[in-house]
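After this come two complexes, each holding chain A, first together with chain B and then together with chain C.
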Partner chain A sequence: MKRPLLFVVVLVVIAGLAFPAGGREAAAPEGDVLKVGVLAPLTGVFAGGGWLIVEGVKLAFEGVDYQVGGRPVQLFIEDTGARPEMAIQKTQRLVEREGVQLIIGPLSGGEGMAMKEFADRIPNVTVVVAGAASEDITMRGIKPNVFRTSYSGAQVMFPFGEYAYNELGMRQVAVIASDYAFPHSQVGGFLSTFLLAGGEVPARIWVPFGGPVDFSSYIAQIPRDIDGLFVGLGGTDAINFVQQFKEFGLLGQIPILGGSIFVDPVVLSQVGEDLIGVKAGSHYAQELPYPEFRAFEEAFFARNQMPTSLWAADYFVATQAVIAALEEVGGRIEDQAGFREALRNVELDTPRGPFRFDEFQNVVLTARITEVRKIGDQYRNIVIKNVPDQDQFGPFDPDWYQAQPPFGRDTPTLPMLRQAVFR
Partner chain B sequence: MNVNLLMILLNGITYAGLLFMVASGFTLVFGLMRVVNLAHGIFYLLAAYLGLLIYRTTGSWWLCLIGSSLIVAACAFVIHSTLLRRVQGDDQRETLLTLGISFVVGDLLLAYFGGMPQRLRAPEMFSVPVSLGILTYPGFRLFVLGIAVFIGVFLWALLKFTQLGRIIRAGVDDRDMVAVLGIDIDWAFVAVFVLAGFITGLSGVIGGSYLVFAPGEDIHVLTYSLIVVIVGGLGSLSGVALGALVVGLIDSFSKTLVPAFTMFFLFGTLMLVLAFRPHGLRGREK
Partner chain C sequence: MNAESVSRRSMLLLALLLAAVIPWIVPNFYTFLLTKVLFLSLASASLILLAGYGGMLSLAQVAFYGVSGYIVAYLALRTGVSFLPTVILAILGATITGALFAFIAVRTSGLYFLMMTLALGQIAFFGAFQWARITGGYDGMVGIPAPVVFGQVMASGKAAYYFTLVPVLAGFYWLHRMVRSPFGVALQGIRDGDVRMAALGFNVKVHRFLAIVFSAMIAGAAGVLSTYFYGMMSPQLVSLGAAVTLLFISLLGGIARFEGALIGALVFVLLEDYASVFTARYNTIIGLFFILVVLFFPKGIAEIFRRKKRAVL
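Coming up: the complex of A and B.
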């Protein structure tokens, strides 16, 4: 029995690892084709939102009829399974085999960090990080060919920590979140301002990312005498957590504060009724006061019968920025220096509001605090507070901020924050 | 700390219930009949998605529980009589064939249902928290544990006391000898395969009411079933129960005490078992 058993185990492992699907190329258009690579998770934890991302990119290119600067655009959509090594592998393939010089993506924090490291080896390619929000992508040493149009985890959370203390009157807030760079950054941003305001964090519970889906043992660790629980989970993890939190009888007992991807439409479509009233820090919502938002929402709904998600919007905005810069240089992506210069200077009105880059090639955006409400028969995020012109350093001095280690499981701490230099 | 300890124990035991339910169908086929059925995970997922269809049309959770289990059992019958029968006894061909089935069905499910995570809604009466004196506990977890115990007792009685059970046990030991005695051993094995399909169907609907399911979940289910069966011991029903309990408790305690090392402890145990008791905790040498 020994050998077949080994054979079986090996096969299962291979099946598990080799799953991310291959590239999907649209039929090559005629003429001087401009090739654009798109990295998105179409399998794995974020598969639910993955196809919406691709819809965001396609919608933006459809808006210009797949013609930029007089050149037809060809998309190369690659599945990364939200795994860093796969993101690198797919990028390498796109660059070496297809000659792609522009990448839109990836989505997850780990992938983004891997891409930053890899960027040195593809100097003639520009990476426009459209989703990944681990903060080091655009600080503590930046890469000339890496831009970020999405956000850093902490960037949209600085106002939320203050809000929880001042407006919601919370003093003790525990944290449960996935154990990787993006939630570290989100929790870090939230706690920086919450702790400085005078709040306390009695427990920080970190859940392995992409691990088993039984949350009971983590729920058991949540202290019961707290004012709020910050939940930094997303995708299927978020849905499983909410369902089990409810079954333990804690829903309604402990108010939930959400991370940016916790109240995604995919999550709301499954457990929306349990999350009514939940507030979250984000830069997107399902109701924003811009004409660009309405147009995007309507076009998106017509195609997918779903409200737009943060991820779809982020990829849409990334593509818009890319298109604007390409128009500026007449579609000449081969002139990388010129293209990057044009990209750096892009200013746009987007579905997310006004858009521009800071000197670190990271987006400056409007941070928001949102609340889940039931509108018609849909659960949606409504903005209850806007904080315009937020960059990735929040209230802190950029030099001081970058001299600190990146947020981790046990940081920030109050002693560290007491040394902080403000702007 | 006492309440906490009790909670961790209960979490581990109820999780073990879920694991046992999922793995028992697998052990019938893989452990007893030695058919390497890598389509096990996809049976689970198929049942969950069928449950979703039935729930959308009828609105009854009980109907989807029974309905999708029956359909999955029927699928198991068809797959066995058309495909698996031809390669019986050849491990590698069984492996490749069932893996192929699981890819094909998995892609069909993805094409039809899309990649969005889904869940089934169990009746309200199960999803309320239950008060156990010093702590409140999710009713559904206790329900799952109850079902798991029921399935365990049922299978044990079936194997121990019925004619079918005797034939199976004899057939596992020496298939040719049983056939020589004039017993239709093939029929008995088909029956076991169908029964395993039915139980996997049950576990798919119940599991899908507890945890979210999405394409790719079948690999998780298969992996955990393999771990439980390998730790417990091939071909032993009590072994699966023990394996599920070990895995459930390791999972629960390590997640609470040293969360970063959950996978280390889980696979570490698997490695130790394979190194020192290659036939599993309760498996026997052949």
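Coming up: the complex of A and C.
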């Protein structure tokens, strides 16, 4: 009977070492605490950028000294590992156990869609989707308790398709992108306006997400007589692709157009030299013309010794919107109807520019076209065109748009777009 | 009936009673976690049948789990097939997958068998990942409506718990009977000495084949419960990580007997939930805990209870 006892002793020691006093965000503040849940991927494929989005949330609450509407704020940060089923489990924990009535997050599209479906089961909780870009989170049937402050994949791409045709003079553009909802939506947005303007898409090449290290069979499928190649890849996929595209001798031969996560700082730090001049569609860049952006960039750098990222900015803006709405209702999150009404009416100047919601509880934002330049010894993404007041339907009538199936591998098509209803 | 079996029987009754009333005692969130414990333990039990009683360590349970899960998701979302046929087709799908796999895999044993199961698990994962037209690919499938049984929507909380509890208990009972049947005893004989059993006239391959098929069936049932529980299915649930988690749960609890499945799942789910509150490096804590268990109780946590019993009697 000695071994079980020893076992327990060792266990207690390890527990003591592993959980230093108040492992959670300090001790619970005194008074009428306002509890806010945050869903972030601190483990798994997105762990690298995951902790930065938590920094975005903290930075925003620090700006108001963790006091909103006269109530002290307590953060409950939960890791989802970017797994949809974990997002649901952690939401359960936040709601049932901690009594949270406001959740900021999640990040990935799959989590976002799972949360949308789950929202019916937590009617007294408001979910502010701060990162996920799956289109359907805020269309084709919306939930009263789900808002989105980030963007939909197509939303920031509508202006880019037109730009490629009209200002870059491209007529034939092929597509290579990851095969899941977010790139489907980004490619869909780009092609909608590009095809309508008169452009053609000779090939759409879909690559498994996080899949191949060897892109040669995909690169071989790219037609050579095209004016441009839309690349909807991100992270290591993007880096691998660019390196192999170069080995094929195609870099410089075929101009690249980028999706929103193609030219992020991590990719640029690896293959920035090869991407100078690449234009992309996004809603964020590493230099934006707002005082709020400067302030955010400086505060973020002071905290983390690194520049801001799109994810950090998206979570920061989500938290700002939440704070504004909470101030409006005096911190009374318990009055969910009043809080949601206040949130719907939030208008803000953020690091991303002017911010408001549309009637589908999705953000209306400024879309941008960016270009990679070398500034000093750094490769940075600079805005070359701003397109204000973009909502998730682009030039299309919301009813017509929602009657179409979500963008997939083969949509949109020109016959479908010819039937389009515009607003 | 001797004293031991009486006390065992009363323990069992007590445990059943506790399982029946626990949602009314603990907060809702724990009911949620316990539901997860239930279907994970059923999946783990399917592994224990193969590994503990059949001597066939497997990483393929997630494949069976996934096949039935995706069948539920597909039928519920894209067709009008109702609840009961959906469940039957899903478990049938897992069983057929198990039979096809077993047909090939019974020719191997030991490490080679493990490699075969790894291959099947990976086929299932990449199938789920890349056959996007059917499985939704990386995005998975969401919005699976909660099942309706006897006019009751088994959406969440207590309803979901009991919806999961009943089949899990039935599954455990079946497994319990199975390993005490002539088939089960022969299977354990084959585990300990397949050549001898063959010499005694037992058909080793048929026993192994059936063990794999039954195991697939049980894992398939766990997949059905999981899919209804989360209301979604995604490739992450059939990944290598998920397969290893299942193996981990079984080893943690004790892979030799079915109690290990329940104990392992309970400890794992609570530990994961509790540790993740304190630190993002909770996987390290779970790992350390596992090392401790292996050091002190190489046969799993279930061993603690068995020792105590021996000390009492």
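Here is the rule we use: the second predicted complex is superposed on the first by the 392 of 423 C-alpha atoms of A that agree within 3 Å, B and C clash if a C-alpha of one lies under 4 Å from a C-alpha of the other, contacts with A are read in each partner's own complex, and residues count from 1 in each chain.
Here is the rule we go by: a contact is a pair of C-beta atoms (placed from the backbone, for glycine too) under 8 Å apart; a residue touches a chain by one contact, two chains touch by 3 or more.
Computed from a predicted structure; not experimentally measured.
Novice: Regarding the shared-chain residue A:235, is it in contact with chain B (first), chain C (second), both, or neither?
Specialist: Only chain B; A:235 stays clear of chain C.
Novice: Of the two partner chains, chain B (first) and chain C (second), which one does A:51 touch, if any: first, second, both, or neither?
Specialist: Touch status of A:51: both partners.
Novice: On the A-aligned overlay, A:179 touches which partner chain: chain B = first, chain C = second, or both, or neither?
Specialist: Both: A:179 reaches chain B and chain C.
Novice: Could you tell me if A:301 is touching chain B, chain C, both of them or neither one (first, second, both, neither)?
Specialist: In the superposition, A:301 contacts neither chain B nor chain C.
Novice: Quick one: is A:209 in contact with chain B, with chain C, with both, or with neither? Answer first, second, both or neither.
Specialist: Once the two structures are laid over each other on A, A:209 reaches chain C alone.
Novice: With the two complexes superposed on chain A, say which partner A:118 touches: chain B (first), chain C (second), both, or neither.
Specialist: second
Novice: Touching chain B in one complex and chain C in the other: list those residues of chain A.
Specialist: Of chain A, residues 1, 4, 7, 11, 19, 42-43, 47, 51, 179, 208, 211 contact chain B in one complex and chain C in the other.
Novice: Can you tell me which positions in chain A touch chain B when the two form their complex?
Specialist: My answer: residues 1-2, 4-5, 7-9, 11-12, 15-16, 19, 42-44, 47-48, 50-51, 179, 205-208, 211-214, 216-218, 220-221, 235-236, 239-240, 243-244, 246-249, 266, 269-270.
Novice: Inside the complex, what are the residues of chain A that reach chain C?
Specialist: 1, 3-4, 6-7, 10-11, 14, 18-19, 23-24, 42-43, 47, 51, 78-79, 83-85, 88-89, 92-93, 95-97, 109-110, 113-114, 116-118, 121, 134, 178-181, 208-211, 409
Novice: Taking the complex as given, what residues does chain C use to touch chain A?
Specialist: The contact residues of chain C facing chain A are 27-29, 32-33, 36, 129-130, 132, 137-140, 142-143, 155-156, 230-232, 234, 236-237, 273, 275-280, 282-285, 288-289, 292, 296-297, 304, 307, 311.
Novice: How about chain B: which of its residues touch chain A in the complex?
Specialist: 4, 7-8, 11-12, 14-15, 18, 34, 36, 38, 91-92, 95, 99, 103, 114-119, 127, 129, 136-141, 210-212, 214-216, 219-220, 222-223, 226, 230, 234, 251-253, 255-256, 259-260, 262-263, 278, 286
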